[in-house]
Amino acid sequence: MTTETPALSRLVPVRRWKSFFESYGQEFVILAALVVLFVGVGFYNPRFISANNLTSMFVGNAYIAIAAIGMSMVIISGNIDVSVGSLIGVLGTISGTMAVNGYPVILCWLVPVLIGMVINAGVGVLVAYVKIPSIVVTLGMLSILKGGLISVTGGAWISGMPPEFMIAQFRLFGLPSSVYFMVVLTALAALWMKYSPFGRAIYAIGGNPEAARVTGIRIQPAIVGVFTIHGMFAGIAAILFATQLQVIQSTVPPNLELTVITASVVGGVSILGGTGTVIGSTLAAILFAAIGSSLVFLNISAYWLRAVQGLMILATVLADMARRRRI
Amino acid sequence: MTLVLNRMLRHEVILGVLLVAALIVLAGQSEHFWTADNLLNQGRLMAEVGLIALPMTFVIVTGGIDLSVGSIFGLSAILLGVFWQNMGLPLPVAMVAAILVGGIAGLGNGFIITRFKVPPLIATLATLALYRGLAEGISQARSVRGYPDWFFGLGQGEVLGVPSQLWIMIVCFVIAAFILGLTTFGRTTYAIGSNEVAARFSGLKVDRAKLLIYGASGLIAGLAAVIFVSRVSTTRSDMGTGLELDVITAVVLGGTSIFGGRGTVIGTGLGLILMQALKNGLALSGVKGDGTIVVIGAVLIAAILIGNLLSRDGD
Amino acid sequence: MSNLLEVSGVSKSFGPVKVLKEISFDVRPGEVHALLGENGAGKSTLIKIVAGVINADEGEVRLEGKAVRFASPREAAAHGIATVYQELLLFPDLTVAENIYLGHAPKTRWGALDWNAMRAGARALLDSLDSPDLDVDTTVGKLSVANRQRVEIAKALSHDAKLVIMDEPTAALADADARRLMDVVKRLRDRGVGIIYVSHRLPEIFALADRVTVLRDGTYVGTKPIGEVTEGDLVSMMVGRAIDHLFPKVDTTPGETILEVKNLSYRNTVNDISLTVRAGEIVGIAGLIGAGRTELALTIFGITPATSGEILIDGKPVTISSPDDARRLKIAYVPEDRGSQGLIRPQTVRENVSLAILDRIARAFVVDRRQEGSLARQAIERFGIRTRGPEQRVKQLSGGNQQKVVLAKWIATEPRVLIMDEPTRGIDVGAKAEIHALMSRLAGQGLAVLMISSELPEVLGMSDRVLVMRGGRIVAQFDRKDATPDAVGAAMTAAKAGASLESAPLGFKGAAAL
Amino acid sequence: MRKTLFLTAALGLTMGVGTAAMADSPWTGGDNLPTSPLACDNTPGAAAAMPYDGGAVTGAPDLKGKPIKVVDVPKLIGIGYFNATSKGIADAAKELGNVDAKTDGPTQANIDQQVSFLDNYITSGVNGILFAANDPVAIAPVLKKALSKGIHVVGYDANSQPDAREWFVNQAQFNGIGKALVDDMAKEIGEDGAFAIVTSTFTTPNQARWIAEMAAYQAKCHPKMKWLETVEAQEDNNLSFNQATTLINKYDDELKGIFGMTSVATPASAEAVTQANMCGKIAVVGLATPNAMKPYVAKDCVKSVVLWNPVDLGYAAMYVLRAVVDGDLKPGAKSVKAGKLGELQIINGSEVLLGAPTTFTKENIGNFDF
C-alpha cells in the first residue's frame, strides 16, 4: 500500500450482485444449463440423477476437467495447445510402464507430472523466446508425441499395475478420488488465478501484452510458466486417466485435445485471451459429461452427440457475443 | 525487384532447399522412390489434402483458420451416397449437390465468422463437431457402395497417363496461385490478413471476401470428398477425420503465417510435396508410419524456426 | 536543492530515424517541470526512457545523483518513478481496482493478493481524485475515455512515487475534471514529489509549472523558469518558424455544394447533425476528444451506417452502408489512426497506394502491375513521399511519409469529398506543413474537404469554416474570420468566451500558438 | 438470461431432432445385410460348396521356397488385438524361416491412411500382403493393384471384396460368433434377461455384422430375451468404461448382461461392472483378449471370454500366404496346412476357417499370453 493514500477507514461497499454476475456470467449460464439438464432428464428418467450416475459422470470425465484447467490458463494467456491429448497419452503410458516395472508408486505418480512440465516448458520456450506461434509448435508436438509414443511402445497394452498405484480408484467417504482431485484442483487453481500475482499476470498478458510489459510483467518467463503449469495439470490428468481402468491403452486418446479446448471455450475462456475462469471450464467439462450421459438416458442415438456438442459451442459463443455487445 | 522477390520468397527458398535435400536423401534410400510410377501415385494420394490446402492458404492468409474441413469432407461424402442411393438422384447431379452442400457448409462458417464476429478458431471448432455429427446422424453410420464404373474414373482413372485427380489438383493449384498472386481478390486477401481494419477503411469488401473464402474452403472440401469417394468406392461418415491437421500442417509448413498477411500458394505446394515425399520416401526406406509422423512434426517446427531465425536479421 | 532527476546527453534512434538528439534536463523534488514541444518533438520517447520502457542509445539518466539504467518499467517503479501514459495502457477485461494495483498489489499475510485492501485502496485513490462515482469493481473496458484516464492516474499515484511523469493527463478531460486533476498535482508537489508534466494546454502550464523545458524535432531548445517566459516565447521556441508557413491556406471561392448531411444520427454518439461542404471548401470540425467528431466521419463514410438522417451528394440522397459505398460515391476518408486504420504496414508503398482502386487498375480482375507501379511512382513524386522506392514497406517510413501514403491512396480514387481525421497527428513540423499545403492544393482543385482536428491552430489555420462539436452535436459554427481561439475554445468546452486563462483550458494542442 | 435461452433452445432443438430420428429407426447397431442365423441346437451350419471367388494374381514371380518379403497392414496399430495377430505372423515367419515379415499401419482405424500404407508397400516391392480391412470396398482398389503387380494378397480378421484378394482367413463365421455370444449370455442371465451392447462404432463392418447376426439368432432362438440398446464407444478404453457405466446406471436392476463387441469394450465393461459392485449381478460376455480379461476372470466377475486366438489367426494367415506363394494352395483346394494348427478347412469358396473360437475360463486363461 502506498503511504499517500488517505485513510482507508471509509468502507468499500460490498461487491454488487450485478457485477459479480457479470464477471461470472458464463459460469452461471453453464450451471443453469446443468440444472435444466438434470431436472429435465431426471424427470424423464429419475435414475439419471441417482447418486451412482452423478458419481460416474464426474469420475469418467474428471481428467478432462483437470486438463481443461491448464488449457484455460494457456488460452487466457493468449496461446493455445493442440497437443494436450498426445501429451496425456504419453504421460499415462510412462506412468503405467513405471508401475508395472516396480518403481515406487510415488515416483510413478510424480515422474510423469515432472516430465509433462519439462516438455511443456520446452514448448513455452519455443513460443515465448523463439516466437513461434503456439498453434504451430503444438501442432508439431502433436505429431512428435503421437508418433513417438507408438514407435516406442508399439501400442502394447499395459496391465498388471499394482493396486496401490490405481489412485483414481481410491475412495474416500464413498467418493472416488478423481472427484476430489477435480474439485480441489479447480478450487486451488481458481484461488491461485484470483489471488496470486502470477495468476493475475496471466490475465494481463492475454488482455494487453503491451500494457503488461509496461506494467513490469516479464512476459517471456510468464509464458514459459503458464505452459509449465499446464504441463503439470496434463500430468495429473494423465495419472487419473491411466489409473481409472486396470488396463492402459498406450496410444493417444482420439480427439482429446478438441474436447479439452472445447471445455475451456464453452466455460467462458475467450480464445482472444484475457478473460475466463477455470471454474467455468470445469463446469463445462461436467456439462459435456452430463450431455453424453443424458443421450443414453433419452435413448438418443450417439450419432447426434457430436452435433449437440457443436451446437452447444455455437450457442455459448454467440450468446457471449450478444452479451458483450449489449454491454 | 530481385530484392523484393527474395524477401517475398524467402521461406519458399528455404523450403525448396529442404525439399531438394529431402528428395535426394530419400531417393538414395530406396530405388523405388524416384520412379514416375511412384511419383504419380503419390500425386493421387495427396490430391484430397492438396486441394483443401489451396483455399486453406487463403483462409490462413486472412488470419483465420478452418478446422471444419475434415467434417465437411465427411458430410459431403455421406450426402453423395444419400443423394444418389436414398433420394434416387442421378449420380452426376448427386455429385454436384454434394459439392454444393460443402460450399453451403463453408458459407455457414463464413456467415458465423463475419456476421457474429466469432473468432474463426471457435466457429470452426463448433462446426467441426456439428458437421461431423450431421454426417453421422444422417448416414446412421451406413455405408453406400456400388457406384457405377464410370464414376471411378475420377478417383482411380488416368488421363494421359496421369491420375485424373492430379489434373484437377494442378488446375485448381494454378487457379489458386493466379487468384492469390495476381488478382484484386488476392490483394484483398492479403490486406485483410495484414490489417483487417485498414482493409475495411480502404473500401475493400472484407466481409464478402471472407464469406467467399470460407465458402470456397467448404466447396473444395466437398470436391475432394467426391474424388475420395471415387478413389475408395464407398462412403462412410467417418471419412476425413483429422484431415484438417494434415491440411493446416502443409499450409503452415509452406510458409503461410498463422497470424495472416503472409503466404503463397507456391509455398503451400512445396509444403505439401515435402510432406508427401517424407511420408512416402520414409515408408519406402523402411521407416514405419509412426516414425514418419514424428519426422513431419519435427520438420514443421524446424522449418518455422529456421524461417524465424533468418527473418530476424532480415527485417 | 539537489536534483531528483538528471538527464544528460540522451540520444535515441528508431531505425534510421533519430528521434532524440543529446537531450539534457533535470527535475527537482517538489517541482512541476513542464515538458513542451510539438507532436513528434520527442517528448514521448524521452518519457519512456526515464520510465524504463526503452533504453537510450547514448547519454545518462541519474536519479538522486546515482546513474541508473532501468531494464524494465518495474525497475523504474521500484526506484520510485511512476508514469501516466498518453495511450492509456490498461487492461480492458480487468477491474478498476486491479488495473490500479497490477504488479504491486497489497498482499495478505499468506502472500495472497488482498482484494479487499486493493479495492479499498483504489476507492481511496479515486476519491482523492474526486471520482467517487467510479465503481472499483467494474471492468475498465466499460469505462469512458475520461474515466480510463482517471484510472491511469490513480494507478500512477498508487506507487509511492518520488517522481511522477504525466503525459498529457488532461488531454481527454473536460474543464472541471482538468482542474480537479491540477489540484491533485499541486498536492503531490507540496508533498515533495517531482513531476514531469507534459501538456499542450499552455494556460495549464502557466498555472502549474515551476520550470518548462522545450523540445523541438528531437533537439533540446531550452529550459526556463515559468516566470521568465511568455506564451509567445514558448510558442516560438516550440515551433521555431513562422506560422504562415505551417498553415499555407489559399483563399478560394467555394463552388457548388457537394456533400450535404441532414439530421444525421448514429445511436447516441452522433446526434442530429446537419452540415454542408462545398467544392473547394475546407470545413474544420473542432471539439474535445469524445465529442463525436470521429464518429460523425465514420457514419458519413459508412463504417457505422447512420441510424437516421440523410446524406446527399450533389443534392441527391444516397445510401452509404459500407466504406465501399462511400468510395463509389467518391468520398475518401483519411482515418485518425494511421497505423491501425489507414495502412497495411507490412506491405509496400505500391500495394498501399493502389489498395482503394484495385478494381480500376485491374484488367479482368488481374492487377496490372505496370500501371500499379507507375501509379505508385507518380504518388511518390506528387506527394513528395520520401522513400527508397515503391517497393519499400510502409512500416519503415516516418509518420509524415506514412500519412502521405494514406493521402495518396485516397487521392488515387479521384474523390470529390475528402474527410481528414487528425491529418497531422504525430508527424513532424516539416511534414505537417507539407500535408497542409497538399490539403490546400486539393481544395484549390475543387475537392470538398472536411477536416477533423484536435489542434486548434490547425483548425483555425486551414478551415474556411469551423464547426464545433460537443456531445455528438454541432454546437457552434464560425466563418474563418470569426473563428478566434477564445470563441472556438469556449464553444468546445461550453465555457463563456473571455473567461480567465485558467478556466478556459483549451482542450487542444498548442492553442495559444495563434 | 438471453444466453440461457439460447442454450436451452439449442439443446431442445437438437434433442427434438435426435428423438425424431430415433423414433423412425429402432436401431440395433447391426448392418442391413441379410442374416443367416444358425440352428438353436448345435447342428453345424450347412457349408454350401462354392466355387473359388477370390482374385487372381498376375505376373507373380516363382518364389517357391525362396525368401519373401511380407508386410502386414492391420486396421490400426497400437491395440492389443492386432499386437497379438502381429505376434502370430512373426512367429510363423520365424518358423518358416524364409519370410521377412513386418507390421505397419495407421494409428487410427482410418481407411484413407490404410490405403496409403498399402500403396507405399506395393511400390517398395514386397512379395506378399496381409491385411485386415477397415472397409471391404474402400480397400479393394489398392489390393487389386497389388494383385496386378504380382503381389500375393491374403486377408484376415476383416475381409475385403472377395475378388480383391486371393484368400481370407476367417477367424469364425459371423453367425457362429452370434450364436456363441447369445447362447453364453442366455446361459448366464436366463431366457428372459435384458441385455445391452457396447460396440466400437456403428460403421465398423465386423461388429455391425456380428450384431445383426446376434439380433437374428436371438429373435429365432431366445425370443424372450430383451434387447435394451446398443451404444458406441470407439476403440477407446475410457469411453467404453463411461458408456458401460452409464448403461448400468440407466437400467439399474433391469440390466442383466452387457455384450462387449470389441477387445476394448469387453474389459472396459467388466471394469465398469466391477467398479459398480455389480459382479455376479450383471454378466459380461464378449470378445476379448485373455490378458486384458485376466483380472476380471480371476475375480469371478466374468465367467468366460470368447475369442478365437488372434495369435493363431495371424499365424494361420502367414502360413496361408506362404502356401499361396509356394503354389501349394490353389483355387478349388478343400483344406490347407498351417503349421502347428494342422489342416484348416476351406469354406465359402475362398475363405480359410481358423476353427472354433476358444473360450477362456478361470481354469485355462492363465495359459494364454496375448
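The chains carry the letters A, B, C and D, assigned in the order they are written, with residues numbered from 1 in each.
Simple rule for what comes next: contacts are C-beta pairs under 8 Å (C-beta built on N, C-alpha and C of every residue); 3 or more make two chains touch, one makes a residue touch a chain.
Predicted model only: the values in this text are computed from it and were never measured.
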Two chains joined by the most C-beta pairs in contact, as defined above: A-D
Chain centre separation (chain B, chain D; CA means) in Å: 34
Centroid spacing, where centroids are CA-atom means, of chain B and chain C in whole angstrom: 45
Touching two or more other chains - residues of chain A: 146-147, 150, 301, 303-304, 307-308, 311, 314, 318
Shared-contact residues (touching 2 or more other chains) in chain D: 17-18, 21, 27, 77, 107-108, 202
Multi-chain contact sites of chain B, meaning residues that touch two or more partners: 137, 140-141, 288-290, 293
Every chain pair in contact, whichever chains are involved: A-B, A-C, A-D, B-C, B-D
Interface residues, chain A side, partner chain B - complex: 80, 82, 126, 130-133, 135-137, 139-151, 258, 261-262, 265, 271-272, 301, 303-311, 313-314, 317-318, 321
Chain C residues touching chain A - in the complex, by the definition given at the top: 51, 53, 72-75, 77, 83, 85, 89-95, 98, 102-103, 105-106, 111-113, 115-117, 119-121, 123-125, 127-128, 135-139, 142, 157-160, 188, 191
Of chain A, residues touching chain D in the complex: 25-26, 29, 32-33, 36-37, 45, 47-48, 50, 52-53, 56, 59-61, 63, 146-147, 150, 153-157, 159, 169, 241, 244-254, 289, 292-293, 295-304, 307-308, 311-312, 314-316, 318-320, 322-323
Residue ranges of chain D in contact with chain A within the complex: 2-4, 6-11, 13-15, 17-19, 21-22, 27, 77-80, 83, 107-108, 202, 229, 231-232, 234, 236-238, 241-243, 245-252, 264, 267-268, 271, 275-276, 291-292, 294-296
Contact set on chain A toward chain C in their complex: 1-8, 10, 12, 15-16, 19, 22-23, 191, 194-197, 200, 203-204, 207-208, 210-218, 274-275, 327
